[in-house]
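So that you can tell them apart, the chains are marked A, B, C and D in the order they are listed, and the count of residues begins at 1 in each.
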Amino acid sequence: MRLAVFTGCFTLVKQIAVEASMLKVIQYFNIEPITPQKTNCCGFAFRSIAPNTSLYLTARILAYLNTFESEGILTLCNGCYLMLKETIYRLKENQRLLEIIRKHLKDEGIDIKSIPRIIHPIELFHDIIGIETLKNIANKKQYNISIATHYGCHALRPSTLPSFDNPLNPHKMENIAEALGFKTKDYPERLDCCGAVLLASKPELAMKLAYSKIAGTARWGFQLLITTCPYCFEMLDSRQEAVMQMFGEEPKLPVMLLAQLIGLQLGLNEKDLALNFNLSPIDRVLPQILKR
Amino acid sequence: MNILDSSTKTAVFICHCGTNIGGVIDISKIIENIKNIPSIAVAQDHRFLCSTDGIETMINSIKTSNADRVVVAACSFRTHEPLFQEALHRAGLNPYLLELVNIRELCSWVHENERDRATEKALKMIRAAIMKIQDNQPLKRIRLPVTPAALVIGGGIAGIRAALDIAEAGFTVYLVEKEPSIGGNMAKLDKTFPTLDCSICILGPLMNIVAHHPNIKLYTYSEVISINGRVGDFSVKILKKPRYVREDLCRGCLICIAKCPSKTVDEFNMGLSHRKAIYVPFPQAVPRIPVIDTASCLYFQKGICRACEKLCPANAIDFNQKEEVVEIKVGAIVVATGFEEYNISQVYEYSYGRYPNIVTGLQLERLASSYGPTEGRLIAPGLNREPRRIAIINCVGSRDERHLPYCCRVGCMASLKHSWYIKHLMPEAEVFIFADEVRASGKGFEEFYRRVRLIPGVYIVKSKASEVRGNPDGTLTIKAFDPAISSEIAITVDLVVLEAGIVASRGTESIKNLLKLGALNSGGFLIELHPKLNPVETAVDGVYICGAVSGPKDIPDTVAQASAAASKVISLLSRGYIETQPYSAIVDESRCSGCGVCSSVCEYSAIKIVKKKERSVAVVDEALCKGCGACVGSCPSRAIEIANLKLNQIDAMVAEILR
Amino acid sequence: MVGNQLLISLETAKACYTCFKCVGVCPVGLRPNMIVKAYVGSIVPEFRDIYESIIRDSNIWICAKCLKCVEMCPQRVPIIEIIEYLQHVASKHGVVPKAYLNMVENVVDTYIAFSSQTIVTRDGDIYMTEDVRDAWGLNPLPNTQDIEGFRRRLKEIEEAG
Amino acid sequence: MGLEPRVLAFTCTYCAYAAAEAAGVSKLQYPPHIYVIRLPCSGMFKSYYVFKALREGFDSILWSGCHPPYDCHFINGNYKARVKAELLKAYLKQLGFEDQRFRLEWISAGEPDKFARIAKEIVEEAIKTPKIIFLEHHEAVNK
């Protein structure tokens, strides 16, 4: 299976672990990633200030990835995932704008010829690679580690767009963690926002949201939090220390990417999974997971 | 037929309906136009044709002009057709020589902003009707007898009230209830708003009268499985599920229950407690005869135990009882299958089903009830202690486009009643009600609202609660915004009560299918014939509905409807006969080839192929024919038609509209 | 609000029956119901002031786009579309956080919203983006050779309205 | 004035006609080009009605009844209509009529908005569709 991988700007420049770990892991499952050299911003930042431009930027990605033979686009970032899904829907609604955009795309020698399947990492692991495959990897091993799942707002919402899981009560990430031999439980902060959208414009507010997410999750006694989105990872992992310090607390919640967790189970080494970029205290759980 | 050389004389009457029609359509223009049609004997308009004056004018005009056909352009045939038919009768004409044109619902009301075109359309509609009526024939209704008995489906307060009223009038009533006892949802309530009288204390006596009434035959633990026939003559099959306890022998000592070793979830207590495998749902159950639940009985599951059989002093336990089908004949049917709570675990933000100490309104009724799981002490499930702070959230699933678009009509009052319960049981408790609106429109409701507001420790937040979240210590936090103090609030409580939306009970759809009642409203409710004028009648003659099966209702409204349905049944049964609709199929024997296709498509077996003078022809039994027209569609020779809706009449209308 | 289909039909917005559910659920303390009301009332002079103050007020930009209000709204009011519409109007009046403009500038200059930066490891080592990408065998950042054509097309698209 | 185009709606008494009346009660506005004929049941379907109306000059025909499977007041008239209507659709296509000339719809008594919506749609479609021209016999031969 060939999948075009759309990394998104933030993964590209900052959360490189998201891309590195995902590429390594999916190759193990015989998925051939296509990593295009040319790319651009998905347009999320333009949503309200220049709506047409934002549509054009996403359409450009769709058209460019159209030039590769692939069975779908794997988007590593929740924001990009929403933009790609939403743009397909919007352009279907607005034929006039679609024609204008196509004219500009043709200028560059690309075009939206077909509508690709937009794939979220959770969907990839749960539905394409499949729970049974993951169970075989785990090989009935059980860990005494309780995992909190974090889907991220734009992976699920809005429910008006097609979604890979129940937007108000998702369970696929839990299924994956359980298949890998971990414990999960529902917790009220599960679908809360990490605050990343506000990172550039209102950093203090963003930190406050991240704090209530981290502190709220930690009080349920989880040993590890997993996510897939580079922004959520930035807020919950990379900035955990700063966030907690702002409220006079110590970082306490180890955070890992879903691909990293699966990669560890596959026996991939820590460098391949770029685990040295996880700034949260993952040393607390890492030895237990590595002890296979 | 060409109206220019017509020998008929048609009278046309056009109603203004105040401004409903006259405000949009230029009626004088229409009158001018149709006056020129030679067959028109008289063309008149009237401000309100349905008024006494309108009817008298109509009769006089018909008489003086010697008209032999009448076209009335007014409103729906559903509202005034009988009235105008009666007018024809009084004017000496057969009532089926009337053609009613609906220029209100189908024209003036839907084209309010296009007066000219609406006028043109109305004119064409009226002219088409004039063309059509030239071929109308006088028709006669047939009288058929009525079986003097009624079936009532559902043994809640609505079914009980209806059954008692019909039985009191002297007719036999078969009352069918799917649960082991009658009583329905009202038996689960602790108290009723706004008077706070004990629910079972007012329901219990009625249940006992039903049980012993000479005219009522009670089938509990039974279901209706088939209904055939027509108004006045329904045949109904009732499936009696086996109780495994013989009703004729059981004395109601209930020793069997005390000795039964097997336990399962108690449905009557809304899953908040356990009952035995042999059980009566609640102490006041009618009949007070236990039922064995085979799913949890050790004998049925594993072939062991039989303790109840050994210990029963009356030898009433019979493990060999079988299902039994009873066939009855009735003249009328009342559907009173009631409501149930909406499955609110789908309202994810309120976390129902995630934490034990979140209960529905009906569950709180059981918790507060003296014969409930905690015998009247309010205990928060999961915490196993009395809650000190309680939140009540209204409109859970109701008034919500994602779930139920309609108001549940009882939640507001129930929430006030529930806060009263809580304060009554635990005067120290604090109660928070989250309601963006409190709808207190019934008698005594607003007064009750004020009374509850004044109770110390009851706080009403005038907004919808946003979310319910659990805390590690088992308490729950409600997030909301209080507009009164213009601030976000987070209230931590021990128990959350969700006033769930109301939907029709689970069996309603199958009853609808058995009765061919057509569509359902959202929420699965049955549709009344007319929301204002025929609230307890349905599209099927002889079938009546009452109570929450047609939409959410409180107890007074339910009881009023039940009595209304009963009085409809009584007037039908006491008249003793019905008149069939006369629009039956008629066969043109000169064209009929006797091929029999019509007979094969007729669902009512009304058409037989008969040999007449060496030829086979179709013959219609008018008593069986419903006038559906399936035979008309199937006939290859255009030999069978529906009376007063013949092919050439439709042709005439088509041609006239296009003229 | 993606694409210039700006005018969200009043009918869907007017479905709001002011239950305040969106306010209670908003993690940043916005008043979505007030924004909806201002949008609905923007044609009535008495409500016009609120509408204008919301547009001038930078508060509208604190929306974290978590979309919780949209999911919880019992009347399916497209709250986020209204907020983004008002943000659009505000940006037309020059009210827009600088951070957004920075991102836009970056995209116009380099195709992507962020420029290369420092990345820290758990051991305290500090690298530059390009070095890390190279070390892990990942594609380099996009080449900005033909950025001029890209810029021109962005301009034309937005003007096409 | 002038009501062009013209659309004919055959409705069953218990569902579609009830929906049309309910649309009136709710004052749902739709174009006046549509005329309603009330039949007892959609099962009275006869291709003759449709052909006749098209031949006489109607632009589009709507045939409407109760939702399958259970709503039909006469047990299964809607199924009878559906079987014949599907055949007719195929036949009309062969004869060169556009698809939008004939529509079969299920509209329950509780769906006045659906009736109004369909009425609007079908009239708008009819406006877009060119008039039917029936050739006289000799013209057809010459072509």
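The rule we apply is simple: a contact is a pair of C-beta atoms (placed from the backbone, for glycine too) under 8 Å apart; a residue touches a chain by one contact, two chains touch by 3 or more.
Small disclaimer: the values here were computed from a predicted structure and weren't measured.
**Q** By number of C-beta pairs in contact, which two chains lead?
**A** A-C
**Q** How many angstrom lie between the centres of subunit A and subunit C, each centre taken as the mean Cα position?
**A** 20
**Q** When the C-alpha atoms of subunit C and subunit D are each averaged to a single point, how far apart are the two points in Å?
**A** So the centroids are 47 Å from each other.
**Q** Using CA atom averages as chain centres, what separation in Å is found between subunit A and subunit B?
**A** Centre-to-centre distance between subunit A and subunit B: 50 Å.
**Q** For subunit A, what residues touch not just one other chain but two or more?
**A** In subunit A, 168 touch at least two other chains.
**Q** What parts of subunit C, by residue number, touch at least two of the other chains?
**A** none
**Q** What parts of subunit B, by residue number, touch at least two of the other chains?
**A** In subunit B, residues 349, 467 touch at least two other chains, as defined above.
**Q** Among all the chains shown, which pairs meet the touch rule set out at the top?
**A** Between chains, contact exists in these pairs: A-B, A-C, B-C, B-D.
**Q** Quick check: in the complex, which residue numbers of subunit C touch subunit B?
**A** 15, 17-25, 29, 72, 74-76
**Q** What does subunit D use to touch subunit B in their complex?
**A** Per the touch definition, subunit D meets subunit B at residues 1-3, 6, 8, 14-15, 20-25, 27-32, 35-37, 39-41, 43-46, 48-49, 52-53, 56-58, 66-67, 70-77, 80-81, 84, 108-111, 116.
**Q** Please name which positions on subunit A make contact with subunit C in the complex.
**A** So the residues of subunit A in touch with subunit C come to 9-10, 12-14, 16, 19-20, 23, 35-41, 43, 45-57, 83, 86-87, 90-91, 93-94, 97, 100-101, 104, 107-108, 153-154, 157-160, 167-168, 191-193, 195, 197-198, 200-202, 205-206, 209, 212, 238, 274, 276-279, 282-283.
**Q** Which subunit A residues qualify as touching subunit B in the complex?
**A** Against subunit B, the touching part of subunit A is residues 168-169, 186-189, 219-221.
**Q** Using the touch definition from the top, list the residues of subunit B that touch subunit A in their complex.
**A** Those residues of subunit B that touch subunit A are 348-349, 351, 354, 467, 469-470, 472.
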